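There are structures below to look over.
Here subunit A shows up in two complexes: once beside subunit B, once beside subunit C.
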Partner chain A sequence: MKRKGLLVLMLLFLTGCQEIYSVEDRAIVQILGYDYVDDKEVKGTVGIPHYGEEEKRTVEELNLTVTAQSIKEFTDKIEKESSKPISIGKLTVSLYDRELAENGLDEFLDVLSRDPRIGRNIHLGIVDGEVQEMIEAKYNQNETTARYVNSIIKNNSRRNFPRSNLHWFLYAYYAEGLDGYLPLLKKQNSHIKVTGIALFDKGTFVSTVEEDKVLILKLLKEKVEKGTASLPTEEKTGIEISDSNVKYRINTKGEVPEFNISLTITGFINEIQESSLDKEQTPELANKLEKDFAEYFKENSEELIAQFQENNTDPLGLGNLLKNRRQGFDKEKWEEQYPDVPVNVDVDVKITGIGISL
Partner chain B sequence: MWKRKKKRAREKKQNELKEKSDETLQTLFEALKKSDDFKSYQAGSNRYVVSYLGTLSEPKLINHSILPVLNENVFFTLEEMKNMLPVEDLEITEDPTGVREKIMKGYIAIQLKESDKNVLLIPAVTVEGRQVSIPEVEFSVVGPKEAFVESLDKNMSLMRKRLTLPQFTMKEVSVGKITKTRIGVVYIDGIADPDNVNTVLQRLDAIEYDQIIDSSFITQMIADNSTSPFPQLLDSERPDRVVEVLVEGKIAIVVDGSPHVLTCPTTIVEFFSSSDDYFLPWPLASVFRLVRLFAVFFSVLSTSLYVAILTYHHEMIPEELMSTIVSSRADIPFPPILEVVILELTIELLREAGARLPTKIGQTIGIVGGIVIGTAAVEAGLTSNVLLIIVALAALASFTTPVYQIGNTIRLIRFPFLLGAQMWGLVGVSMIMVFYIGHLIKLKSIGRPFFAPLYPLRFRDLRDAFIRLPFNTQSERPLQTRPVDPIRFNRKRASEKRDVDE
Partner chain C sequence: MNKISGVKGVNIPEQFLITPMFVFFVIHSMQVGVGIMGFEGYIAEHAGFDSWISILIAGAFMHIVLWMTYSLLHSSGGDIVSIHRGLFGKYIGGFLSVVISLYFLLLALTVLRTFVEIIQVWMFPSLQMKLFTAVFLGIIYYLVVGGFRLVTGFCMISVILTLPLLLLLLFPIQIGNVNYLYPAIEHGFVDLLASAKATTLSFLGIELLLIFYPFIKKPQQSVKWAHFGVFFTVLIYLATALVAFIYYSEEQLKQVTWGTISLWKIVEFPFIERFEYIGISLWVYVIIPNICLAVWGATRIPKRLFKISQKKMVILYCVILFTATLLLDDRQIVEKINDFTSQVGFYVLLYIPVLFVISKIFHKVRDTNET
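Now for the complex of A and B:
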């Protein structure tokens, strides 16, 4: 009993020895980016929001940049430059420059995946240009770079860009026969733009998907509920996709597995050029547009898949699918087969409306 | 030396006690005569001795019914007198203890001669008491507006008029060495479990105390765990509410001199159900009940979560709130825990001050405290805006409980949570939560589980716990009370539709 009492007392009073920092006494890192210096060194930049006094409600961002040989050393060095203890738990965006990504992000991913304080829903991004410059630039009053970049990525992934965050990327990274992709960002004057998708072979950046084909990747990966595409013809007919569905089928009868992708797209026309005004809005027109769009999506998909196979990256997860659906998956054999695996895309477009104008 | 003195004192006391036990009428009247409100005089043609306590007996009865009879007739025995007096419930006794008890209640004692051993006792009790008024603690907008008063008899009549049933039974016991307070154990014979009745009667018998001033004394004395912060008997000042639970098979304890009636066995959820819940349509009642439950959780946990999150888990603060919290905290010289303790104590001070002051001044105090101190504290940079809102809401939420007793419990139990939050963050909060839930699971109300519809899980009782289902589904009495007759009504007939005119 006496011992128990002593234990309780110790719990009560020894906790006083622990140093506790309340929120306002911490440097909360919200954005973290790395630049390639040379083979041995990286340059890291962090953005720490500094909240203004009560009524003004302004936010300024404090940026610290250090060059270090390892990530561990980097955190030590950053701490030396900060007046408050660094706290990484509120990290929302982590950026890497292109060169670094081409050399492999494995080390960084390991650190991110090991830290329990870091959420799995943070966004990663590849920067076309210098990361330090992007983080340090001032974009908008009252908004930190972290929040700005974060909302750009979030907003776009609701439309034409496929979704991607740390969790998804790590899943692809560790899965067999599946590769991840990240948004590619670029600083243009005083704002940031998402210019495409960076494709990875495991942790290494290998290729990019251009802006106009990003939607195709999204259509092949997930359900699209809001996306726009237009035919590259002179008439510039535009479609707004309201729903899509993608199904993968595997045929393993032959030596090499064959993949059949069937894509169903539902949408309505939101733009037809004036010159086609004389065309009446008939079911025939809708049928023709449906065919045109189906062809457009099919061609682009096949091109994109060919690009994946050429670069030996598998963002669609065909290997993963094969592993999950057929027994006896041989990873080495698959990797040999992959560049030449036949993939057929079958697209079905359904147009539900052509608008209310003439 | 002083030991012997003590011994002598003890002997003296014992002698006194002995004298009391062999009390005669003579000694009784002598003892009573020391008091100035005791009246004893000779009246009537034959100079009968009339004695009573002037402050307890009805003067009208003496003047109009008793003295005229005594003056006009000549009696040779008390028996004759008894037959002539136009008063009911007369009694002739020789027992001095009986006489003492009756006189102390306001009976009039008449002897033929002063040394006579036979005494005629005439009930002429008049007790000054409050009129039945509207409930103040458990106020409800709709529904009956009667509240119990300080008299056991009046309270019984308030209940009996709602429950005209011969099986409605009251067992009276008197508790308290000195006060001899009358306590009624009320139940419906044939519904209430006799085991429960026996438990209550046994526990009441076992009470060793000199005075019972209020029913809350009984709550504490017969509780299964008297060190628990949770009240294990529900107290109510509404006769309608008590009758309602009596019909469910519960037992009520009415204490003379207390306007609150206790009911048992009770469960934790019963403390959050108000009588309003039964006056409103069931969907509304259910939602309001859930709101009340949420309010309790909010009140208990909000400040400790504030402390835990700000000191340990700032990752949990949403990005949008970050600037609000950080900039309002920036100037505060205290860590979150001190900030919270200061504000909580302020609120507690206001509450205590408000509760001790008369209603009108109490309101002023509330305004002074709430507005002036709150704003001033924020302006002076002692507390943050965000916390002020949280603490004020938490205090408000704790007032939503319909039963006053549990409100006090909620006031107290949040402080351990604060301690846990400061020491171990959210882990600490959950540790304290586990401790409380463990305690609640162990707790009993006169031998029946206090945490009942949840543990042990009783689906049947859940129909009137967190939500209140419509009346036609409540065809069974709660399992909690182990009623002798568990069926309230025929469910089939209750759900029949009889709206076709033929």
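Now for the complex of A and C:
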């Protein structure tokens, strides 16, 4: 009995033999970005938070930049420059510059999807400008760049920007007939701004959605519970969207499939310029605004879809939809058809309120 | 009936018997092992996203095989060893029983090796396989030597402890896309059957009933619990597969080696960043009873055949498992052994209906000759 107990104790203490990593002794990479140098080389920059003494509660960020020919070599080189072993498990943001994205991100995506230490909810972003500059710049006293960029992307995806993270991008990257998109970031003085959406054809950056059309893409992809748009007329009428719903239908009777997208938007008016306000005609005015907004969304959606087709990118996943709803999907045939495939958008806007003042 | 067939039932003292309800836990634990960690990719290979239908087909097949197993055992009153002896005689029957024993050893090896692989890839890349396997087999030896009742108890703990893991499926559902999971049966029936066959590795395990049947207190009452067990397994697999199908895109699923563990990666709690670590650690509770049952079944057969002490056989089999685990040290080989076991298991499952038919004919011929 005594011997058995001793054995159990020994097993218990054996667990202490596993190598222990203390947080202070590790370089925890939170942001990682790559710049294009030339055909063969990339320049990688990492941001490692460095926590100061407890009384001061300051966060400094240590940046390392190296140029390497492959990602593997990059990791080795970074390790050489760091005084502590590198940990990649807390990575929250990974950035790529425009040129790199235009040349294809396939290699980087492969590494990200293969590594078990990397989470699926990290954010990817395309930078208009130099990544190194963006990561190295100081923005706010008590916030690291990683946190800053992360919260910018997160905050905006709650409003006008479509959601994106590593998982969704990989989902689209591997799927047939579906392409991914990532937020496009730009450094402006001491701020970072999301300026649009970068559209991809598989792993290659092909086109951008401008800021004013970003909401349209979000409406076509997902449920929008908070978003704002305004009519481009002189009257400056603004709508705040409180709910939306999008449905895709395919008519596969003919040789070329026909897509019908119906979009239902519910919202309330949050801005009307006084000159157009006519207190007597509120119901008619609401009807008119509903029509105007429906027209606005329809026009913009159609423009956007035409842009997708022109650039041969399919962020709406029309091909994937077709594949799943019709037998005998022929990928090559679809790719030929895609630029000219008819897509009809039908928008229904419902205005539920005009605020608390007339 | 035993008098007519000439086969003596196996009598186990009452203190070693389990109540009928526990058959549910035994069957379920034996079925759910490492298969569930990555079966999504395998089954989608043939029938794509339609392969959830294949899970139902495979499940129905399992229920039929289970019914045959019970019918086979009811009429003989013993276990696989006595059935083999009664039908094929001492030598051929004995040989077939040894094959079944080796099959269970193979099952144990597959589960153990795959789990070690998972730990190596996901948690500790520099894991000392020797030490880990030795400690793991030590626990298994301890449990198996404790007897069938002990293992059964552990099965119950394992099922209850890992049940909350099912709730984790809610996270990927929130993120998933239902739009592309359209119930259009694009794939032919042949594809669906091929997928159903690929599902078998995940459903293997009900054959164990052939061995532990004499240990059930009132076998007649355990039938419904066994069916519940299989049904529960089918439900879990169906739920996991459907969630995986809405979470991954069809081609992405083919890139993912362990679909279910990768599903856990999206789980986010404020207090833990990587939930898959907890998931894998908790999965030890599923793996241990699974291997224990397989080793117990594998060693029970030689004991019945040659009257060797089961303890010695457990030691021998554990040593075999240890060396085999160390010898198979390559991802490719692990994949191959999974495929191989899946194939073998499929044929063992097919063997049960064959045995069923032979036994029916055998009894009929004997009955008519007697009268």
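The criterion applied here is as follows: the second predicted complex is superposed on the first by the 334 of 358 C-alpha atoms of A that agree within 3 Å, B and C clash if a C-alpha of one lies under 4 Å from a C-alpha of the other, contacts with A are read in each partner's own complex, and residues count from 1 in each chain.
The working rule: a residue touches a chain if its C-beta (ideal position, glycine included) is under 8 Å from a C-beta of that chain, and two chains touch if they have at least 3 such contacts.
Computed from a prediction, not measured in an experiment: that's the story for all the values here.
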Going by the contact rule set out at the top, does A:G319 touch subunit B (first), subunit C (second), both, or neither?
neither
After lining up the shared chain so the two structures overlap, which partner does A:K90 touch, if you call subunit B first and subunit C second: first, second, both or neither?
both
Would you sort A:L11 into first (subunit B), second (subunit C), both or neither based on which partner it touches?
both
Does the superposition put A:I20 against subunit B (first), subunit C (second), both, or neither?
first
On the A-aligned overlay, A:P183 touches which partner chain: subunit B = first, subunit C = second, or both, or neither?
neither
For A:A172, select first, second, both or neither according to whether it touches subunit B, subunit C, the two together, or no partner.
second
Which of the two partners, first being subunit B and second being subunit C, lies in contact with A:G119: first, second, both, or neither?
both
Quick check for you: in the superposed arrangement, does A:Q327 touch first (subunit B), second (subunit C), both or neither?
second
Tell me which partner A:Y248 touches in the superposition: subunit B (first), subunit C (second), both or neither.
second
Comparison of subunit B and subunit C by subunit A residues contacted
C
On subunit A, the footprints of subunit B and subunit C overlap at residues 11, 89-90, 117, 119
Touch list for subunit A against partner subunit B, complex
11-12, 15, 20-24, 26, 28, 49, 51-54, 57, 59, 87, 89-90, 92, 117, 119, 147
Listed in rising order, subunit A residues that touch subunit C in their complex are 11, 14, 18, 89-90, 113, 116-117, 119-121, 167-168, 170-176, 178, 248, 317, 320-321, 324-328
Enumerate the contact residues on subunit B facing subunit A in the complex.
310-312, 314-315, 317, 319, 322-332, 335-336, 385, 423-424
Hey, which residues of subunit C end up touching subunit A in the complex?
49, 121-122, 124, 135, 175, 177, 179-182, 184, 186, 248-252, 254-255, 262, 265-266, 268, 273-274, 276
